[in-house]
Amino acid sequence: MIKVGIVGGTGYTGVELLRLLSVHPDVELTAITSRKEDGLPVADMFPSLRGKVDLAFSAPDKVDLSKCDVVFFATPHGVAMAQAPALLAAGVKVIDLAADFRLKNQETFEQWYKIPHTCPELLEEAVYGLPELNREAVKNARLIANPGCYPTTMQLGFVPLLKANLIDASALIADAKSGVSGAGRKAEISTLFSESSDNFKAYGVSGHRHTPETVAQLQRFTGLPVNLIFTPHLVPMIRGMHSTLYARLTTDISNEALQELFETTYKDAAFVDVMPFGSHPETRSTRGSNTLRLALHRPNNGNTVVILVVQDNLVKGASGQAVQCMNLMFGLEETLGLQQVALLP
Amino acid sequence: MIKVGIVGGTGYTGVELLRLLSVHPDVELTAITSRKEDGLPVADMFPSLRGKVDLAFSAPDKVDLSKCDVVFFATPHGVAMAQAPALLAAGVKVIDLAADFRLKNQETFEQWYKIPHTCPELLEEAVYGLPELNREAVKNARLIANPGCYPTTMQLGFVPLLKANLIDASALIADAKSGVSGAGRKAEISTLFSESSDNFKAYGVSGHRHTPETVAQLQRFTGLPVNLIFTPHLVPMIRGMHSTLYARLTTDISNEALQELFETTYKDAAFVDVMPFGSHPETRSTRGSNTLRLALHRPNNGNTVVILVVQDNLVKGASGQAVQCMNLMFGLEETLGLQQVALLP
Amino acid sequence: MIKVGIVGGTGYTGVELLRLLSVHPDVELTAITSRKEDGLPVADMFPSLRGKVDLAFSAPDKVDLSKCDVVFFATPHGVAMAQAPALLAAGVKVIDLAADFRLKNQETFEQWYKIPHTCPELLEEAVYGLPELNREAVKNARLIANPGCYPTTMQLGFVPLLKANLIDASALIADAKSGVSGAGRKAEISTLFSESSDNFKAYGVSGHRHTPETVAQLQRFTGLPVNLIFTPHLVPMIRGMHSTLYARLTTDISNEALQELFETTYKDAAFVDVMPFGSHPETRSTRGSNTLRLALHRPNNGNTVVILVVQDNLVKGASGQAVQCMNLMFGLEETLGLQQVALLP
Amino acid sequence: MIKVGIVGGTGYTGVELLRLLSVHPDVELTAITSRKEDGLPVADMFPSLRGKVDLAFSAPDKVDLSKCDVVFFATPHGVAMAQAPALLAAGVKVIDLAADFRLKNQETFEQWYKIPHTCPELLEEAVYGLPELNREAVKNARLIANPGCYPTTMQLGFVPLLKANLIDASALIADAKSGVSGAGRKAEISTLFSESSDNFKAYGVSGHRHTPETVAQLQRFTGLPVNLIFTPHLVPMIRGMHSTLYARLTTDISNEALQELFETTYKDAAFVDVMPFGSHPETRSTRGSNTLRLALHRPNNGNTVVILVVQDNLVKGASGQAVQCMNLMFGLEETLGLQQVALLP
């Protein structure tokens, strides 16, 4: 059994880790920390876990995480970087669901996240935890930077085309839509039910942290300079993410060949479902599951390809992906404990 | 492996059976019938099942259900009664998720459901599939009448008090609220998103089919005549049911004793969670899980006891309960394949 | 033109007052105070008001409210009582949308609201602003205590029966459901979209401030001691309130006579719509309008009468009712500026 | 008073016309037809209209629409073309909310709408009812083709840039999102609450009828060939539309000049609100109102301009726009009866 610790279990990625790990056959939940909720049984905060998780939250200083085999950080940016060096030194693997290790470039990190990076020496070693594009590195990693939710959809949609050198890398557009849980479990007026329900809006159009992360990753797959317009929107639903990606083809290629390219790219990816050409994937088809679905379109058979990508932002976009990485890091079957069927309706 | 057939797999209880049974370790899905969708892969209608269910719908006359070990009827009222006799004769167990076998009294059935009963000779044998109140009978049953969603909450809330003879059986009030999926997957204006969202209303206040079902079952637990006011309402949510039950105490009893009564009654019930006295259970704490949660209140410490009961209407209120019965009928662990953690948020 | 000031314009009752008053033909909006938002144009916070309201918020000390004809307090409990005496002394009428003047009994107020009352000498004079039960007093009032949202529905539903001495006053049950906007525009986790959407729960079952308010008002209409069980629930919708009221008849009376009683009681009430016997009013039929609708039921023609009452909690349940009072206090047509048709769908 | 008839009052554009016209000071509602609902009081179907509209639906053959001054067609495509010629001949003005007269080219119409056009001789005369781009023609029209909801947002967003010849007309992208009421009040599974809630998807990506309509109108404002990628999506909200428009600048121009271009274009447009550069308009800021709001963005100060456009699809996107046209056709103030403030929250 893998001994697992979770730092910061009171947010949505934390409770989602608990949902997945509490029924994972090879995991023993060992500790869940929360400074504010020390002593509170986890199931008192999240009654969905009554009878499933017996642990209580512990204050960070009351628990020795170095006895864990792996520690997940489901914390705000900046927490993992403070604790990762000691844990790694003690032989504990670390998976950070925040952004501390997503950007290789320290300066870019500090510019977008407005905090100094306290262990830049780990940036190079950290492995970007998107197994479909990075599986071998994940297997061998000590330290995982779990990708952002939006970047996961953008990379899995654009990379096959970029790698095959079929599109204009300087004219990528991602019009993306997220459920409200992406904003986290924080007391804020803007994500109140009465503010977000029966409403739709864009946000962060002038600049969002997921742009530099995505561009840096996409750049790995092409020699041409990547330019990306990324427009996130807020959808009145709890879970779910839908990215509508637009790319301009630079080569004459048939729809069949495009479809085959994607099917070939993901033929061994248990969690990527390439739907038939022209399909319209729905976010609810992934609700609660670790599967990402995508489908290709070619409006008017012109030179623009449209890729529709959906996932559950809390599973494949966060906690499920982290567990997928854990499975690989410990030599387990990649899909272990992640076979939940989506909840439809 | 238990060979399972499903008659009528295109509705919400059907797809929910598929979600649960596709990952049940002892089940082999053998056939799913649909007159209208013959030949259509199930996963084309429900993309959540892509990669999970490979079956296609079959027209009823193209499949031999007598080779199954058990057949679930996820159909409108009247279908199961037409096919059950032949299946039972062939040694197949039958679980009907509709109302055909819920009422022992043929006349009452015909009055409320407006169709003649075609096999009244089976009414006596049919077992009402509420394991928490009826476990031994379920184990030995060939034919299960799976309870209605509302009646499940009302019975599990009222029965401990009735059995202990603590309340006035002639003055029961159940103010119940259901998510919209309870209305089924039928093309109707009244349950369109634009009609049901951002709205709340009562319906069927002058009379609902779940009243006679509930009264007949409650009557089994008391010698006094049961009278029930049942007021159902429609909530703008997909899944979830909340019944607020009011009963008048006829005996002086402490809150502690009331609480202990419920805890004792359900101490062996894996799927009934008696929360601490004064709790407010939320429907989402049961979303996608087979657990029913309840909590007791005593406003102003007066003579009225209020019982709050929540469940997922499609799981404990329908398909999960049916699978729970199947487990018992085949001598399996009652909880097998039903350990899903609720999806929160 | 009536010069109107609003204290506390940043909450939902505040912005709703602005929506109504900005198009009221006899009103001139003069000042809107907010300590935190001093200088911010109101339409920057609420873009729905762009082009409709040109005012900016003012810090309380920068504006002289004594020049207004009437001041509305759309503030937390405790604010109006601090400022009302000086305003009244200056000849300004005051309408408090909070609870400061709703309870005549100082002790009861302090017990439920946990703050000392700073001007108990005004409690006797304050008029409870429910025009349908209190029209003449409202017309002559200097100081209005605008009723709570739940109490409005409970009183308009129970009072005709109590006045006619038809029901058991000691066994009233109100199972009430409110949209989330009733919780106000406050940064809190429990009313986040991701917590409240696709969910249903009761709250405050052991005791809610609207119980003593309602009981005290109901008591005015009967010589018998009133006892009320009040169970509020939270519905995943923005606006709307549905109270399901249960009362036990003590007299033999026909359904026709019951219906006539209500129709007669409210025949001059422009904002109370008595629907045909057996109707199921929907909250959305009142969305954005000042109309309250109700309908009577008599399950099984027994001795329990069920009254279904719906309203928009922010209009008839708060700001619309306040404007209705203002109209009466200034000798205007009661319905002036309040003729909006509900937004359906 | 203008005598108004409505053909097809049982859909969402019909009931929205009733909401607006029932309080329009210069309108007398004369007749509402419905073949199926003959004799039913309108307020029985739409209780929001109780006390506001006393009319009953009439079968088409029982009412003489030629006595009206204007007739609105809130019907499926194909109905207006059958009745318009006779009404026009009788001197009645006609406003069609469907697509019968939106496309000047008969062949294009028949290709997209799959029905023969029965009065192509009126196509030339019909005026496209988008007053902001067409006001003088609307004033003088006998026959109005009310624009589609999506096309309204796309035109008001793209036209200023096209007219000024600032963008590449051959590379327009509109990523658009609509509330579910846009699908109409029809009994269909795909728009049930349980299918559409807590879900997000694209639809019609391979081709949508609003593309040829929009392209034809945009083409009027540029000599260059227009090419448009249009991707509609369904949002789990009742009302509201958000179009995210992408255009490639072909000229070097400052953000200030872009902003000024839009402000100048719409300075006399009472219903177009150009928000400050970089704003994020929300659909709810237009809920129930006839205002369309838009804001400009320039990601990374590059050569792509992003225009965010919101409106209420049933008001400015349908019935409100139709009433706006009526006002102009009858020489009334353009804003008469259309001053409703949006319902927020």
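A few notes on this one:
Should a chain be cited, it is by its letter among A, B, C and D, assigned in written order, with residues numbered from 1 in that chain.
FYI, a contact is a pair of C-beta atoms (placed from the backbone, for glycine too) under 8 Å apart; a residue touches a chain by one contact, two chains touch by 3 or more.
Being a predicted model, the structure only gives us computed values, none of them experimental.
The minimal number of chain-to-chain contact steps leading from subunit B to subunit C is 1. Farthest chain from subunit D, judged by C-alpha centroids: B.
With centres set at the average Cα position, the gap from subunit B to subunit D is 45 Å. The distance from the centre of subunit A to the centre of subunit D, each centre being the mean of the chain's C-alpha atoms, comes to 39 Å.
Once the centre of each chain is set as its mean CA position, subunit C and subunit D turn out to be 36 Å apart.
With touch defined as above, residues shared between interfaces to two or more other chains in subunit A number as follows: 12, 179, 181, 185, 194-195, 197-198, 236-239, 281-282, 284, 287, 345.
Per the touch definition, subunit C reaches subunit D in the complex via residues 12, 15, 19, 22-23, 46-52, 181, 185, 197-198, 238-239, 273, 275, 281-282, 284-289, 291, 293, 314, 339-345. The touching residues of subunit A, counted against subunit C in their complex, run 12, 179-181, 183, 185-189, 191-198, 236-238. Only residues 173, 175, 177, 179, 194-195, 197-203, 205-207, 227, 229-231, 233, 235-240, 242, 244, 246, 278, 280-284, 287, 297, 299-300, 302, 304, 306, 308, 310, 345 of subunit D touch subunit A when the two sit together in their complex.
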